[in-house]
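Got a structure for you, questions after.
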Amino acid sequence: MSEDLQKEIASLKQKKTGQMYLTWLRFKRNRLSVVGLSFVLLVIFIAIFAPLLTPYEPYDTNPFRRLESPSREHLLGTDELGRDLLTRLLYGSRIALQVGILIVLFEGFIGISFGLLAGYFGGWIDEIIMRLVDVLRSFPVIILAMAIAGIMGQGLFNVVLAIGLVGWTTYARMVRGKILSIKESDYVEAAFATGESTVSVILRYILPNVLPTAIIMVCIMMPTALIASATLSFLGVGVQPPLPCWGSIAAAGRDYITRAPWISTTAGIFIMFTVLGFNFIGDGLRDAFDPTSKRN
Amino acid sequence: AQTSVGIALQVEPSKLNPITYQDTETGFVLGSICDPLVTLDEEGEFIADDSVVESFSVDETGSEYTFVIREGITFHNGDPLTAHDVKFTFEAFMDEELGSPHHRYYTGIESLEMEGDYVLTVVLSEPNVTFLTMSRLRNHVLPKDYIEEVGWEGYERNPIGSGPFKFVEHSPGNRIVLEKFDDYWGKKAEIDEIVFRFYPELSTAIMALETGAVDFMPEMPAEEFMDLQDRGAPGLSFETYQKFEDHRICFNKREDSEFSDVRVRQAVAYAIDINELIALTRGDMAIPARGRIPSFHPAYAENANAYDVDLDKARELLAEAGYPDGFKTAIYAPAGYRERVQEAQQIQQQLAQIGIQAEVVTLEWGTYLDVTAEGEAPMFRERWSAGVPEPIGFVESWHSESSWNPIFGTYENPDVDALLDEIMQTVDSQKRWELYRELQEIAMDDVADYPLYWPLIGEAFNEDLYIPDNLWNAFRRPIYYINYWSYQ
Amino acid sequence: MKKGRYVLKRLVRTIPIVIGVTLVTFLILHLTPGDPVRIMLGPYATPENIAILRAQYGLDQPLPVQYLTWLGNIARGDFGTSIRYNRPVTELISDRIGITVLLTLSGLFISVTLGSILGILAALKQNSWLDYLCTFQAMFWISIPGFWLAIIFLYIFGLQLRWVPIAGLTGFVSLILPALTIGLQEEAWFARPMRAEMLGVLNEGYIKAARAKGVRYFQVVVKHALRNVMVPMITMLALRLPWVIAGSVVVEVVFAWGGMGSLLVNSVLARDYPVVQGVLLIIALSVVAANLFADLVYSLVDPRIRVEGGKK
Amino acid sequence: MNSTLVEVRNLKKHFPSPAGPVKAVDGVNLKIEKGTSFGLVGESGCGKSTLIRVMLKLLEPTDGKVFFRGKDITGYGFRQMRPLRKEMAMVFQDPHLALNPRMTVFDIISRPLKIHGLARGKGELMVQVVETLKAMGLQTEHMIRFPHELSGGQKQRIGVARALVVEPEIIFLDEPTSALDVSVQTKILKLLDKARRERDLTFFFISHDINLIRVVADTMGVMYLGKIVETGPKEILLEDPHHPYTRGLFAAVPEPDPDKIITEIKLTGEVPSPVNPPDGCNFNPRCPYVQSRCREIEPELKELADGRSVACHLY
Amino acid sequence: MEELLKIEQLQVAFSTEEGPVEALDGVELTILQGTFHGLIGETGCGKSVTGQAILGLLDNNALIKGGRILYRDQDLLRLSPRKIERTIRGKEIAMIFQDPGSSLNPLFTIKNQIEEAIRLHRKAPAEKREEMVLQALKQVKLPDAENLMYRYPHQLSGGMKQRVMIAMMLACNPKLLIADEPTTALDVSIQAQFIKVLKELKEKLSLTVLYITHDLAVISELCDYVSVMYAGRIAENLSMRDLFKDPRHPYTIKLVNSVLGATTTLDQLEEIPGSVPRLINPPGGCRFHPRCEEAIPVCSQEAPPLREIKANHSVACHRR
């Protein structure tokens, strides 16, 4: 009997559209989020294949061909050191993703862990973490990051640290809120009533239900991270040259806004599309992950 | 007709205290409010024109300086300017409590002696031929009675002087307004009002200049100047003059560094294409350097080895030094100093051709200073500028006992030390210039530092503004003589 | 719970936050590698100068003592003396705070009004082109770095069209662009929640009930819905305040407005630590105060907090 | 022969709140005999759910003791409780909330089996799950569904299956049908009844629907403001309710019969807040027979001759 | 008795992302002046939608596909939203909702909210309004009305809120009151008090009420006539007595037999096999046929029309 059963179930499973697939279907229905996804995929593609997409090197300067306007040779013109702007922007996607991912990982890890601790255990742990969150949230991210980066010095790592230091609070608050509601839910109580252990409840009941929130958070925080790091570059404490970072390209290009407006503009557009992409995805995921959000 | 002139400053003056200020911007503002004790002419000689002294003299020992003050000068509050005020000003610089950054230049003063109300003699404890240079007597004569009445803080809030313009208001973060002083003793201003506006963002400042929101921007960056000039930006006139300044690469010559080997330094010198650097950041607003002292100065060393680009030679030297395949190193530049950072990146490319892999490291100013001073930066991009004609500052750091020596990467050469000592004691300027030349030639053979270029300053300004030709000069500079400006 | 007790409770809850804020501000500058004084003075400083300054700033004391001294000074309104300007930090800040407040408030005003109007319209016309436009424009503005937007605005309206003077704060006209830059960037953060909250409230039973008793729809929206939306929107306002302040820092720099933001940027770059600390603290404390204020405003708007007898 | 399976003595659960402790359960005594079905009625907020949660040690009691098979389990920790979880199962009120939305039906039902090691290997696990599902009138195909793909009645059947699958001794049912339509309710009730008869289960059933309790229970209890006011065999209680609250409550129930309409309202006013229950008998402000001692002395739950217990000064 | 409201062939659909939901498909019922008309059916069968359709309060995604709602001979579906707002809502027809918790605006006092209704529909000088508010509250037997009217909704219990709702709606002086499950959220003892208030009002004001519920016991207490709904259609229109004594539609019969009474035993209870269909793709023909034990082939092909089988009793079933 059990073998028949297993076969039957296997065939059922085959026929059945998986949960992930359904989420994807729901996601796909939202046209903007598909657009967003394609932006982001494009950026990832560019980041991986940047060397194949351009004949130039991102660091090759040419003092005699600086600030040239777009031409056949240099599709987006050249920058203030005579480097091919397109090349730098293409390579810049690497830095952008790197910065974005590092920040999101850093703040996400701290934020989600603290959120879990605060939400699950409550009591004084919660009290301490949430007061810390309140304290840090009283500082505008950019401003605190500027102070920190200004003191510790610039560089990619410090930018990540400085932004993440406040950024994690957003995750912590969201995750905590979500956990509080999950923790109160009947199904968690039911789990305890059947004899599940705390660890098992966290792993099987709480985490899977927090995960969508966390994923959405990442998509929402990614843009903030990208924009914040660009702003730090602008304020003079961000990722430093010659790294081809979009933020610093846009920031450096501002001095040339009257003679070579394309430098700042194209870098800004690259940032904008990536950020827009993540925002759209975040929006789409929010709906896609929540099967109950739509009326039956 | 326009009677007010707007001046763009990139940094807001800290506080208008002639004794303690350190930033050039404060100097720009005070220059119109106060009168200097003595001034410089176009050649860099000290003169009495436009200053509060009628004449000044040095005794034959070089240790007594006598100043005869002009009579009839009044401060903006109506008080007459006398030798008391000059003495007071000297004393203020000497007062350690007040914390003047120039305090040490005044330590040699033994006494200040007055003869009547208009003659002051400064007696030095030992002869010093460069007293005027070192004590930077472009500084401003202050109203003794007023300051004693309102205190220094009161003065900073409402500074007065005897200059062609008087202070009206400082709206923090926004602007400083000066207005014409009608009772000025000298050349009365034709402009009624000066408005200094602060633009932390360079591009904004340039746009302000282009749209006529301001009329003048002192020490505009070369690139922006070139751009405006090339575009023939409507409504603007253009002028250039050479500044008393040089730009160079410093090496960490301490023993553990690759650059302690002179051949490596020479290789770098042969690899660097100065013309490319100039093209990159200054267009034609610079002169390639030979030695360190700018070419318009009599101490200019025409024959100092200039290391024209020769990559083969560079590779050869490297190989000789034991680095046939080059090595990994780093070139440091302070963040926020656009030209230096850009040039560092260009130098990185140039050095790559001879196999030196130099990483560009940009550091926030304070950290940069720390790191370079501690010898952690193998190469770094430096700048030196002087406001006085004596070029000693350019070369002083080569002396093994100079306090600047470790900061710029240490350098030891007994011949250089001896020459520097001699320069300090040589009263005859022609002879001094000769020594300076000799010194530079030796140091250039050693590539103690590698000078890159001497910058030209270009100013773009409202075309309706008339600024006399004799102000376009490293030692006078238009910004300090706004009373000579006028609208056509 | 009585209203007085609520207010008191909120005040008490603020105390640890205020302490935390001072602690963070203090520690940021004191836990950094390297000696602040050395960094302040640069490498040309003599050891005596360093020692003098260390003593002057009390840096030779143990950290907790330093903190308490600093806190004591702050309580007396003494934020220390700027290194660069050699003037009391309090004075520097009070000279400039007006500009930043003006900019922040006008930016906030634009973003809240614009955002609210768009959000309400989008909610009322859910799924219409207006709704989509509202969503899209919100996404658009938040996807642009603020400094870039500011520069582009300045380039277009200042340099090309010459509609506004590029001369810092020179009157009402010069306020438009900076306020608009902040306003547009932040507007999105009000429009979208406003839409969501409004949709939520419009689905509430009391809205249907009000309509069922014959209240005109316009009245329903204005009287019944808007007031209920106010509470979450006030929260949003308090939540976004730090961002608006951060936005005005950037905008100040670009538009050459010398407010606290410019002061902060300059001081960070010049390592003028007392000023950095002072500005940081003032900003953080105003955010804390704004949050407190928001809480007190709810208690005025929402009787569930104001009046005793809350059931749940 | 009946033996007491679960007993609680003077059980209390107070929740802290800004206005003072919420006395959700405030001194409950009751015994559940093995093999019987105990039905507890009470109006919303009187503490029924809290009582179940305390009895199951999902909440720590403030005071009092809980006995299972005569053993005091009040102080049991997580490890000690674990084997007991197999014996005491629970069905929740709202089927939409009681199932983890990110687990399939198979996972939901098989978890208890895995936790208590009741199945060897995946095959056996499946067989057991399928059997339980079948017993609940569901098909194999439901195993791979997620809760949101099921109707309310189906979800509640999963809830019941989860409780039954470990073959417990006693099931605590917290209004298992109140969120469902009548037609669906019938199905669940019948399933439960069948399971109880087949497996000789003990039920602790709570509801605010007296008719429902009447159908499913042998012994009945009435709860008011955190206390049991009257308890005893169902027939006796229904026939002749003693406590004024019980009487009022029974009279207030409308009948689906046009010939029987509520003629008189015996219960007026509202339930006081559990934060500040009245002194003495906490029913006294609503009681038509109130006497002065009712306002001062709290009546004990006294056993009467007919087998019922009542907490009222009248008896 | 006069027909106050007559719904004819009402069809309402909702557009959703998954497709159109045919929530109502040919609802027909008639409410007579001065009677309580019950509307029963299981969750999701369209009771609330019917009620909301009468007042023009359907959600934005609703689409009225056909039918008429005749109120005193004017078709409410043909009236402009503006006209409905000005002349019907409150003034002629008012409605109370299931959830007493959310039906009152938490930010305004009881007095404020009742006064709003009075201001809209009754000409009364401002001074008299307070008196009228008090009157309205006393009418529904709310104790301590003088103080109560200055309270905020959160200070009242569920039962009180529901009575305030009625007071508020009655303050409008409507001819027809739609009550959408007003007691579902209440406890039995509170429900009994509420029912009593309604009954008294019925006598005193000769109120006409469309009473939506799924509780047959409450129907038996209050209503004169009943409409039984199943999956967006009316299964049977009949008098309350007939509902219990002479139900005809198989669904009605099952429904009545699934209700627990004071004497029913578990064995007597009937269950309806299967589950309520989703209205996105409802079964063709009679929507009940998949669950009907008496179904014949025609049931799956043709939707049975409502046929009058005796006075005040019509059934939609092929077999009756």
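Things to note:
A, B, C, D and E are the chain letters, set down in written order, and residue numbers restart from 1 in every chain.
Here is the rule we go by: contacts are C-beta pairs under 8 Å (C-beta built on N, C-alpha and C of every residue); 3 or more make two chains touch, one makes a residue touch a chain.
Small disclaimer: the values here were computed from a predicted structure and weren't measured.
Chain centres computed from CA atoms place B at the largest separation from subunit E.
Greatest Cα centroid separation from subunit D: this falls to B. Subunit C and subunit D have Cα centroids separated by 52 Å. Subunit A and subunit E, compared by their mean Cα positions, are separated by 50 Å. Taking each chain's centre as the average of its CA atoms, subunit A and subunit C sit 24 Å apart.
Centre-to-centre spacing of subunit B and subunit E amounts to 89 Å, using the average Cα coordinate of each chain. Among the residues of subunit D, none is found touching two or more other chains. The set of subunit A residues touching two or more other chains comprises 150, 236-237, 254, 257-258. Interface residues of subunit A facing subunit D in the complex, by the touch rule stated above, are 1-3, 5-6, 8-9, 12-13, 16, 19, 185-187, 189-198, 200, 204-205, 208-209, 291-292. Put simply, subunit D touches subunit A in their complex at residues 53, 56, 58, 78, 81-82, 85-86, 88-90, 92-94, 97-103, 106, 111-112, 115-116, 122-124, 126-127, 130, 140-141, 143-144, 146, 148, 159, 162, 166.
Contact residues of subunit B toward subunit C in the complex are 6, 11-12, 14-15, 17, 20, 99, 156, 172-175, 197-201, 203-205, 207-208, 210-211, 213-214, 336, 364-367, 369-370, 372-374, 403, 407.
Contact residues on subunit A toward subunit C in their complex (touch as defined above): 32, 131-132, 134-144, 146-148, 150-152, 223, 227, 230-231, 234-237, 247, 250-251, 254, 257-258, 261, 264-265, 268, 271-273, 275-276, 279-280, 283. On subunit E, the positions that touch subunit C within their shared complex are 52, 55, 57, 60-61, 81, 85-86, 88-91, 94-97, 99, 101-107, 109, 116-117, 120-121, 151-152, 154-155, 165, 168-169, 172, 178.
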